[in-house]
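Naming follows writing order (A, B, C, D and E), and every chain is counted from residue 1.
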Amino acid sequence: MSRARSYLWFFAKRLGTVVFALWSLGSLVFLMIKVIPGDEAQIAAGPDASPDQVALVRQRLGLDASVIVQYFRFWGRLLHGDLGTSITTFQPVLLDLERTLPSTLELVVVAMLINLSVSIPAGLIAAARRGGRTDGLFRVLAVILGGMPAFWLALMLQYLLAARYRLLPISGQNSYGMEPPRWTGVPTLDAIAAGNMASLLDALTYIVLPAAVLAVLYSTQIFRALRTSLLGVLESDFIMAVRAKGATERRVLIGHAFPNSINPVLTLAGTQLGAMIGAAVLVETVFARRGIGTYMFNAVAQKDMYAVLGSVLFIGAIVCLINLVVDVLQIVVDPRIRAAQFGRS
Amino acid sequence: MMMQPNPAGRPAPVPGEAPLLSVDNLCVSIRVDDRSVNIVDGVSFSIRRGERVALVGESGSGKSVTARALMRLERRMKATGSIVCDGRDILKLSDGEMRRVRGGTIGMVFQDPMSFLDPLRTIGDQIAETLRIRGVSRRDAERKALHILDELKVERAAERLTAYPHEFSGGMRQRVVLAMALIGDPRLLIADEPTTALDVRVQDQVLALLDEISRSRGLSVLFITHDLGIVAGFADRVMVMYAGSVVEDGDVYSTFAAPRHPYTRGLLDAVPRIDRDSDRLASIRGTPPHVFARPQGCPFHPRCDRAFERCVIERPVLRELGGMRVACHRPEPEAAR
Amino acid sequence: MSLAPAIRMRTPRVKISFQGACVSLLIALLVFAALFGPMLAPEAIYRSDILSSLQPPSAAHWLGTDDQGRDVLWRVIVGTRTTLLSAIAIVTAYSLIGVAVATIAASGPRWLDEALMRVTDVGLSLPSMIVALGFAAALGPSLQSAIIAQSITGWPITARILRNVMHQTMEAPFVAGAHVIGVSRWRLMTRHVLPNSLDVLIVKWTSDIGGTVLILSSLSFIGVGAQPPSTEWGAMIAGARGYVSTAWWTVLAPGIALAITSVAFGLLGDMIQAWRDPSLRESR
Amino acid sequence: MKLFTLDSVCKSFAAKTGNPTRVLNDVSFDVATGETLGLVGESGSGKSTIAKCMLKLLRPDSGSVVFDGIDVPNARGAELSRFRREVQLVFQDPYGSLNPRMTAGELIAEGLLVHGLEPNGAARRRQAQHLMGLVGLDPDNIDRYPNSFSGGQRQRIAIARALACRPRLLVCDEPVAALDVSVQAQVINLLQDMRAEFDLTVVFIAHDLAVVRHLCQRIIVLHRGEIVEQGSREEIFGNPRMPYTQSLLAAVPIPDPVLAQRRRTAVQEA
Amino acid sequence: HQDAAAQVARDKAILVASSGQINTLDPLRSDYNQTNVPANALYDTLVVFGKDNNLVGRLAESFKVADDGKSIAMKLRAGVKFHDDTTLTAKDVAFTLDRLKKLGVGAASLIEGYESTTVNGDLDLTINLSAPSALFLPALCKIYIVNSALVTANAGDNDGQTWLQSHDAGSGPYTVKSFEGQAVEMVRFDDYWDADPARPEGLVLKRVDESATKRDELSAGNLDVGLFLTNRDVVALENDPNLTASWFNSTLQAEIIFNTRVGPTADPRVRKALRLAYDYDGGLAAIRLGKGTLANGALPHGIACRPDLPPARRNVEEAKKLLAEAGQTNLKLQLSFQPVWEQQKQEATLFQANLRDIGVEVELVPIAFPTYLASLSDPKTIPQMMLLEDFAQYPDAGIMLMKGYKSDAIGSNRSGYSNPEVDKLLDQARVTVDDAARCDLYKKVQEIIDNDSVMLDMYTLQRSAVYRKAHVDGVGPTPQVTPIALSGLRLLAK
């Protein structure tokens, strides 16, 4: 098989998996929504609506059709890129997502950056000093921080750092008058795009605490995974061969052990991104940030079926995308996987 | 010392010349349960310039640990005694100086070439690394790498430099590992079972290559193996290790003709031969002791047919005996010659 | 490679003894609290006594009282049962599902394996928090639905890991050996493959309890798990959320209980892993 | 008498990319009752694949595998049961080939149990102890787990386990390759003794030609999945016809410095 | 300098924090408080309730109900501008009402019986009803008039609901700058007909659910006005020298609604016993910190046409006696409540404890509001007891009684109450044009309901707002907007 064809085949296969995953996901959520007690038409019509009005709304929303018909209609629209319209906001779900998701993604990405920039150096240092005092300290810290409930930590830090000592803002995403012109909906990015440093700084003060809280649990996981992986690799034979060439420990660690340990870390970080999107809801509620978590929570609470479906599918798609990126990254990093997928290079 | 004629035309020993490597009473220990266990237990030997010494022994006898101790590669173990290489005591060097010895004065080749190569780096990168560490420019290092692969008879060497280890066959990989060890122009090459993972025909080629290169470069070689056939074909001298110590040390001809230690004798008899039929193999009874359960006295006595009380109580030291060194209270008789 | 096992086992024992003692003590305390807490607790912690609400720690109430005037310490102790039992139920439930799926996948025909793994992919591709949110909402916000939601979302990881391990185990020569001797498929799976694959599960089971306790309380915190006046710790924190600055003890106590529980089980998992898997020990 | 027949056996493995690789190409040979057949070849030449096809661990793509009238790839039911009882395997790796969670006794007696040869537990245990004694293990160690045995001892357990059902054919896939010389000699001797004791037919796979010469009466040389040469011990070692066989034999080192030197000079001159 | 500019802008703005998701700014949903509050700043209504709960004109200069009660004639105020500078005319009123009728959701439920609008001139119109209804005119205080041209231009396929979700088409004192679900940012409309330079240039309505967060933000000076704080937090903030905590009377009433159709609570004696069990004084004092008035009757204080009933009291002995009479021993009941509301949760727990004193076991069942709403469609699924805070859309007794107690008001009759006598009285009131006569009918109905113990009315609650003393003025409710009307906010001159 030619190189190009094997690339195509690779992506076709991955895409198939993604499509299958999204389909099952959508169907699952659809089913779930139908099981939820509560009448969408009633909610759309309002708490004081008369039975006639509710019936009218039911008909307009197409909720009078059988579940099967609704199911097919749902997918039919979806194939046209229409995630449906929210029954509470009357917005296309896609639009709602466009408003809420960037904020969550910002939180998650900043948290991931914090996560990696703490856990990777810590992992490297701990592995370099394995058995030593620093290693021990880091491990104890990882164990303790890893056991902290994120929402509780958020509450405590919010109280201490923000409410009590006023070092950081308490809630929200921007100070009044500091909002950059909306472009992506991500305050930090928008501030950068507008070239507004003050605004960027402002946005950063707002995001640092929520992101740090979100990062804590995950960075302990990465730290542990990296450390274990590094220790394994450092025990392996080829590291001894590198030492036998006269390499410094630094070179051994950064140049050889680290690249060889990165695979499990990559996989873990990939799954973490997905989990972080989910966990963001905890942090978002505490810090009163807008985001997909709050949006979904509302949608679920109001039985806003298309909003729930849309968000779940969208998050699913993002997670699938992340997985794909992780796959590709692994292929970039490891020539063996490359060879297994695409033949000799 | 009685010398056999030197058939392979190796450089004759210069009398009075200091050996390249001399190891004196080397002990390597590891801590287990707050107790220190000697894995290598008082090994002394020396290697002259250009000499090839084979170190044989059963699995677990401490061959690899000895070899690594020479390079200070066993990080969790403690080595005592002295290892003087090229006039410097390895065990007293600073870490920085030691790094210069590794890959510089001493090169090392390992048993399983696959697991001793970084799977994520290209071959060229890995061969050149020895030089890059020493500040050689990338261009020069790569040129040198190419040169050395040519010397090792790797075909289409230039293309091979950009390939990854998994794309190589076993024999090729072993050549790469050899190249890695040789590129720093070492004086001593330590080869830890370099051919054990290879097929006989490839083994034959690699050995021939090693033979040729060591001869042309005047390299001293410490060759670790448990295949007595290889020893016979390659080495000038053979040292037999058992349970952490050297039990016999002599030139190959005398040793193979008339081993003085019962263990060496037993080993030689236990090997089936390709060149003759045999009905039944002589075997040594029992199994080699585990490092943590080495017997008192002579470590070999539980398996030895010649053992007597003294063997149980007193550990024999390596002593000079008819041009060889043997650690046995009751050595086998000298060959009638 | 050929290290004798006797030595391997001796090495770590000294090392973990202090940590091991701490962890064992913690676990023992937790189990004790879960078993006997509800029996020993005064009945008053179940009813509100608004008039003595939010009292700071005192001799009568070591950790003060909450917004309904109930003793915080006792509620935390009683909450151990709710939290721990739920977490154990969840982890056990999804582990069982995981074992079943993995066993079917590993021993069944290829297409079934493939299909099951694709389904697992789907399960893995969604953040469990999001699914739990949906499930909890579907079944109404309550502890039970949070438990069900987590049981249903937890299995894919277990199934995936176990299935991979089982596949590895099935590659081991001793499995082929048993096959050649004529061992039946059932015996092969139950006597040879499963016992040699379950190590990873035991470790995971233990350390997952810690994580599950956290997720469960998170769900309660955002209002889709256990509901007040339940003694579940997350619900307690949610209820006390407004008093961080005025009555810190109401928030601090359940939070610390949570942290201790998850840390203790995490460490227990590590210990079991180190004990069962020599490769993770200091001397390789 | 032919006990085992392989006829035109082919086997390919699907590669992740590219075409399937052919590992066995038209392999045919018989094993006569009572003989010890050696199968030699370099690594990857397909030796283990043959063993797996013989033991119904793999299904050949084409060709027939017949044991004593049993069509092996399609055997089921009682026939399969008899096959599993009468044909046994000893592996190379003494560490991976024993289930670490079963005691020596359970391992050895497992065949008796699954074939219902000895339903009585105590009797099974006695037989296991008997077998342990037979292969040179201390019967008192019956309740120990494999990881407390050394490599050579494990290989003895593996042999005892294979012999428990009183098989007629024993396939040994490099049973001594992982062992030290001194222990290797013990196991080879044991195999020789057992062959006599149990009246076994043995297929012995190895890449160590010296061991094969020592043990086997008839030898098959494999190269890249094809039989290059087969013949009696004398024919193969005394007068190899194929260049491949010759080069193989020439590469085997001889533990005798004088001979080795002589051989090297001969090569240099050539 | 950006910081300085931001500070200046901040000084000219008022930041208000409220609770709950703002689904839409479309005034169609003014039945939801989260929409009604911002809509009140963006739009105007035809009429409003004045000081004494009497209707006065706003956009309507004058209005008159026809004698047959079937139509209302109206004259509009001249010179009212929409935010896009077009002038408000009778057409816009007609468009607004027609749109509501057509869509039939949200505020449409308030103007049932609307037939059509006759436009008699630019500022002159007549609203026609299908049947005489005394309920129609007051409802107009929640109908915000939209700019017909603008909405038509942005109609899309759902009569502008999508567009209006985040844009405004109003004539109110503020116009929308941005809306993100969690916050509406508004700027002052300087051409407002009732312009006042003391209005802030910027007005932000943020969603901050957590009371403690609002409390902290207020003390930190990041918020100017905080709404929906727990009473405890408000009381705590009363000591802050920079803040003022105000309490307002409201029509918000805490109550427990019984299912009057099925189960043990179908028995009036049981209901009465339950009413006698609750510790009203304790609950009001400890949970609501005394910020309210004990209830006396089905409707909250502050609404006209209430009979003078005695307030509810706890009487354990009497309650036990009643239970015994009803033959209910070892009664086990379920109380549904929304755990998201802190104080309701406490009340639920308190009630549970109180009922234990009369030998009734109560299981607390958390319920989400949509689930609760859905349960109302069938009396059999209505929760046995539901703890709620309910408030009047506008202070009119008729609409509350009509929606809450008429047997055919399925969905909004939350107790499943069905009493032919009540039905008859209410039907009669609907067509009674004379205010006093109608009032008497309403009072009669309330007495019957109270006697039937349809609900356990706890107390009418006060609402609060906490605001920065030195910055904000004009904080207070209007009858149609609680807890405060954004349009009333003013900056204090420095």
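Just so it is clear, a contact is a pair of C-beta atoms (placed from the backbone, for glycine too) under 8 Å apart; a residue touches a chain by one contact, two chains touch by 3 or more.
Since this is a predicted model, take the numbers as computed values, not measurements.
Trainee: Most remote chain relative to subunit B, going by C-alpha centroids?
Mentor: Following the centroid criterion, the farthest chain would be E.
Trainee: Can you check which chain pair, C-E or A-E, has more C-beta pairs in contact?
Mentor: A-E
Trainee: Averaging over Cα atoms per chain, report the distance between subunit A and subunit B in Å.
Mentor: From the centre of subunit A to the centre of subunit B is 54 Å.
Trainee: So the centre of each chain is just the mean of its C-alpha atoms; given that, what is the distance between subunit D and subunit E in Å?
Mentor: Those two chain centres are 88 Å apart.
Trainee: From the mean C-alpha coordinate of subunit A to that of subunit E, what's the distance rounded to whole Å?
Mentor: From the centre of subunit A to the centre of subunit E is 39 Å.
Trainee: So which stretches of subunit E touch two or more other chains?
Mentor: Expected reply: 210, 216, 368, 371.
Trainee: For subunit C, give me the residues that contact two or more of the other chains.
Mentor: Each of 2, 4, 6, 137, 140, 241, 244-245 in subunit C touches at least two other chains.
Trainee: Residue numbers in subunit D touching 2 or more other chains?
Mentor: 151
Trainee: Where on subunit A does subunit B make contact in their complex?
Mentor: 236-238, 240-248, 251, 256, 259-260, 333-336, 339, 344-345
Trainee: Help me check something: in the complex, which residues belonging to subunit E touch subunit C?
Mentor: 210-212, 216, 230, 232-233, 236, 282-283, 286-287, 339-340, 342, 345-346, 349-350, 352-353, 356, 364, 366-368, 371
Trainee: Quick check on the complex: what are the subunit C residues that touch subunit A?
Mentor: Contacts found on subunit C: 118-119, 121-122, 124-130, 133-135, 137-140, 210, 214, 217-218, 221-222, 224, 234, 237, 241, 244-245, 251-252, 255, 258-263, 266-267, 270, 279-280, 282, 284.
Trainee: What part of subunit A is in contact with subunit C in the complex they form?
Mentor: 17, 20-21, 24-25, 28-29, 32-33, 35-37, 131, 143-144, 146-152, 155-156, 158-159, 163-164, 217, 228, 232, 235, 271, 274-279, 281-282, 285, 296-297, 300-301, 308, 311-312, 315-316, 319-320, 323
Trainee: For subunit E, which residues are in contact with subunit A within the complex?
Mentor: 2-3, 5-10, 13, 15, 21, 23-24, 26, 29, 31-32, 104-110, 112, 158, 161-162, 165-166, 178, 180-183, 202, 204, 206-210, 213, 216-217, 219-220, 222, 368-371, 373-375, 377, 393, 403, 409-412
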